[in-house]
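Remarks on the structure that follows.
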């Protein structure tokens, strides 16, 4: 059978055929593997890959499976299952909304409605697990709404400050 | 509700009422207990018994549950479930048949058909996990069958030597 | 010795104290908040008292509730662990008032040393060298900037209260001064309830070297060798070791003597830690005395064979120190890595959540002081430490190898951990050469990224797991329901 | 140093060797039988080679298969662990022939010392005191009886081959002699392939004290202090400790010198153990040299900080011993308890089966060299050892307390273990007073019985578990099916 599996936004097909009990062959691109495997516990697999012993640890989560092997962590998604909707994961360009990464408490809000903000400018400081983080403006624009006050408890996904983007040319206009 | 639970052949009724979520009261004979409990894992329970913290570890087995607490092991059976058939457990008088306690290999057979054996006399030596054990005659009698030879693999329950019991008076007759 | 003590803390450090109490036959009382109903310290102690909701101010920082719990359970003494009320002199004073032994120094020493200004003054009088900078607090960023010019940039803005890397900012130029003062002050206020700050010179190529001290009520004070704690991120130690590879026997003797002098100057009793900065010319400067048991105390235990918590309890019980300075001999090398629920690829951002699977490293010379277990929910409300992974071996080289093996065998699923990051640090050339300075991480690992390299195996494992576990998962989805057992009531015989 | 070695053993001792190899960056190859497909040594090594069915003769005792596995995997050396082929000189000789390094002494030393008669002769020549008795084997029980009269009853009938308490019988009177000789000989034949036996005097109130030795190929030989191994059942050590509380510094020096002399007399190389009997008048007699790593080696590692397996590998690689006698300094006290799958209430009868649940004791100063895990099936075919539980503390008293705590926190469900028995032994007055002799168990615990005392809590727990786990059990019964996943094939997308 074939799976399409995504690690760090890189999707590759994995072809697996069971040759014998607890034995499979796998093909990824042009790379072939002979495996013997045994299930050690619900979260532990022991693989013999081309004669080498590998212990793999697996847990399921909402977006797929987390796998640990030799000290490294892999978040793997089944491309056929991934929702085609807009991903809420951090892109390389940073967040697109002002929202905390985790349940947190608002320590300070540094902007008010109508303020103009530069991309990357700090707008809200939140504290989680006794550590402060500054949430920044995702793009240059104007604050159209401040939805929180100090000491509010906030959750990931909750938009703390609404910012209306201002395109580069408009910015120059504003400046003139 | 009420359970009848047996430990080491001593059966007592246990009355349990749930007073609140994760809280129960228990009554055994005239002894009463207030408990708060939480399930830590499939095999681990944490109990607060009258304010004292107790960790209990449980596993199911064919005849009931094995419970470990503070270094000691308890084999508990639900008296309502215990088969009324003849128990195969070791009685205080020792075994009633010539059979190994565990999978083993026959090292030596010291009797042959027709031999007279005294109660407690060694008849078969088996070896399991590299340790020798001598299986003895459960009662004075005459060997009516030897069902194994050296190096045979034998299992618990398997009768290695058939012995026909001889009553005391018959014994005296035999001696005359 | 005490019959029963209360531990006013949680997680791994509470368990650490409970372990020694069990060795000594001392009864233990835990306190816990809503978030910690199933926490390891609750499971491990003889008794446990619920003290309130998860906000620290309602539970672990609530002096009244903790004192009440101690009185209600007839606890003779309280061990504060680290963090929370460990360095709160009001709490120590309250214990003294209530006739409960506080397992730590007297409230006056905590107050004096907890205020960095006062402690700097005490040390100057005691003849202990301190870092250049202010000896009074300052609210005006302008004045701060002037002082910075005097001692020269970069400088540190430091909260006078607390510790643990909170309320500290590096300032490299005048224009950063205002914002740095503001946020340092705010963070300090939030963490310690005191926003006062001051300034001292920041040494770029310096090492953070601290000495463990023990002082009894009879005036006997010794040091228990040094700890090298230079590897820090955001002023938070993450790797500690002992011995330090730069201390000559002479320098060790000199700094040890200074540590003992510092303790005596402040009238210190019980276990404490004297922190020094060692600059590139091997000049050392007093930083502060931590009036508590340190997170990193195990490395000292590993090379000396001394149980520091036992020493704390003996001293608190009024017993004479059984150890003399000449009894303190280090053997081999020990390293500690702090394992937090945090994402090293995302600026070490905390990663709370449920531990789906935990497998601790094991084997000779490996110790893991762990505060969580499979199925435990790491609370969002507290410091996200999972465990202190400690190794001991004959030499530093062997210890590094052993730590690398241990890290690679340490499995934590459900929350992110810095294990891969720590592996890269320990495998790096500057670390193995011992070139460790407080700016080590910024210098060598500021642009660190995850580098998964067994992508094929990982993908194959995904599929094999799918093959093996499909039924199992179904089976387990059932267990989700079990959290409260009352959906099974129907099965009962009533 | 070797690039890769093969470990010709299984379970906890194979894992012990693998751990040090990982520390040293040496590749590891395991071998395994049918029963051990999922055994811990298979999971922990870099490679694993299947060598046959579960009968030892077809796998772990099969020299040809093991040599083939070593050659097929280009292993440069073989570590035999203890038991199996560890003291088989044919195997050592075969390794020498094949150009594979045998990590242990040369085959000649194994042969000489493995034969108790020859070794007794060597020691007599080397000036090492030996126990009174025969210096030649004897098949005739009658002659044995005559010799017994000479040295005086009780006597020991001993197999000349092997060790580990097998092929040994105590004889108290002439009428027991014939059966004892027969069964000792049979057991020896079965265990070691050699049924030859001899006789030596049996000391009733004697202690079993052994010295660890290390000898390199350059003629440097040192001892690494003693181990007190008096607590035995059926001539099988179950509790070992160091230091011995009866050895004065003088006596330790004297016995240590004798141990080194014994090693030199036999041309010994690598790690070994010289066993002595110490009678009630502190006279000591050579018993034997175990030409292997002992089960109880960890207690020595705990007090000396030395990794004995690393020393074995260095010596086998032809390196000079880096340690001198004066470097060997014991610190604190260490105790080991052997945890077998056995029923202490039923004459320690083996109790193999599936480990339904395992929770290992943890904490500072606790080490558990464990060869099983939750879900593993303890095979009927091999010695039923589960783990070696080891503690280290400042004093013997503290070590006993720590061991008691560790035992009470050690959870093993699915097979019976001697934990409750060991707790009673460690809590007993004669043990805490250090009155330990080889007849300790017979004297104080021959009529030991289980003494469950929390019957109410146990019963209540049964019901609470019923409340919590009914669904869960259902859930898990599903997982039983999963052992082979092919019943899920239907779900696959093909």
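We call the chains A, B, C and D, going by the order they appear; numbering starts again at 1 in every chain.
The rule is short, and it goes like this: contacts are C-beta pairs under 8 Å (C-beta built on N, C-alpha and C of every residue); 3 or more make two chains touch, one makes a residue touch a chain.
Just so it is clear, the structure is predicted and the values come from calculations on it, not from any experiment.
**Q** Along touching chains only, what is the step distance from chain B to chain D?
**A** Shortest path length, in steps: 1.
**Q** Could you work out which chain's C-alpha centre is the most distant one from the centre of chain D?
**A** Measuring from the centre of chain D, the most distant chain centre belongs to A.
**Q** Taking the mean of the C-alpha atoms as each chain's centre, how many Å separate chain A from chain D?
**A** Their C-alpha centroids are separated by 51 Å.
**Q** From the C-alpha centre of chain A to that of chain C, how far is it in Å?
**A** Measuring from centre to centre gives 29 Å for this pair.
**Q** In whole angstrom, how far does the Cα centroid of chain A sit from the Cα centroid of chain B?
**A** Their C-alpha centroids are separated by 55 Å.
**Q** Could you list which residues of chain D touch at least two other chains?
**A** 467-469, 472, 476, 479, 482, 485, 492, in rising order.
**Q** Give the residues of chain A that touch two or more other chains, as numbers and ranges in rising order.
**A** 18, 39, 42
**Q** Judged by the touch rule stated earlier, which pairs of chains are there in contact?
**A** Inter-chain contacts occur between A-C, A-D, B-C, B-D, C-D.
**Q** Could you pull out which chain D residues touch chain A in their complex?
**A** 37-38, 42-48, 373-375, 479, 482-486, 489, 492-494
**Q** Under the stated contact criterion, what part of chain D meets chain B in this complex?
**A** Residue list for chain D touching chain B: 166, 183, 186-187, 190-191, 346, 349-352, 356-357, 359, 380-384, 407-408, 410-414, 416-417, 419-420, 423, 450-469, 472-473, 476.
**Q** Which residues of chain A touch chain C in the complex?
**A** So the residues of chain A in touch with chain C come to 3, 5, 7-8, 10, 12, 14, 16, 18, 24, 26, 28, 31, 33, 35, 37, 39, 42-45, 47, 49, 54, 56-61, 64-74, 76, 78, 90, 101-103, 107-108, 125, 127-133.
**Q** Quick one: in the complex, what on chain C touches chain D?
**A** 16, 19-20, 22-25, 298, 301, 305-307, 310, 331-332, 360, 362-365, 367-370, 392-394, 398, 401-402, 405, 467-472, 474-479, 481-482, 485, 487-488, 491-492
**Q** Could you list, by residue number, the parts of chain A that touch chain D in their complex?
**A** 1-2, 18, 21-22, 38-42, 46, 48, 51-53, 55
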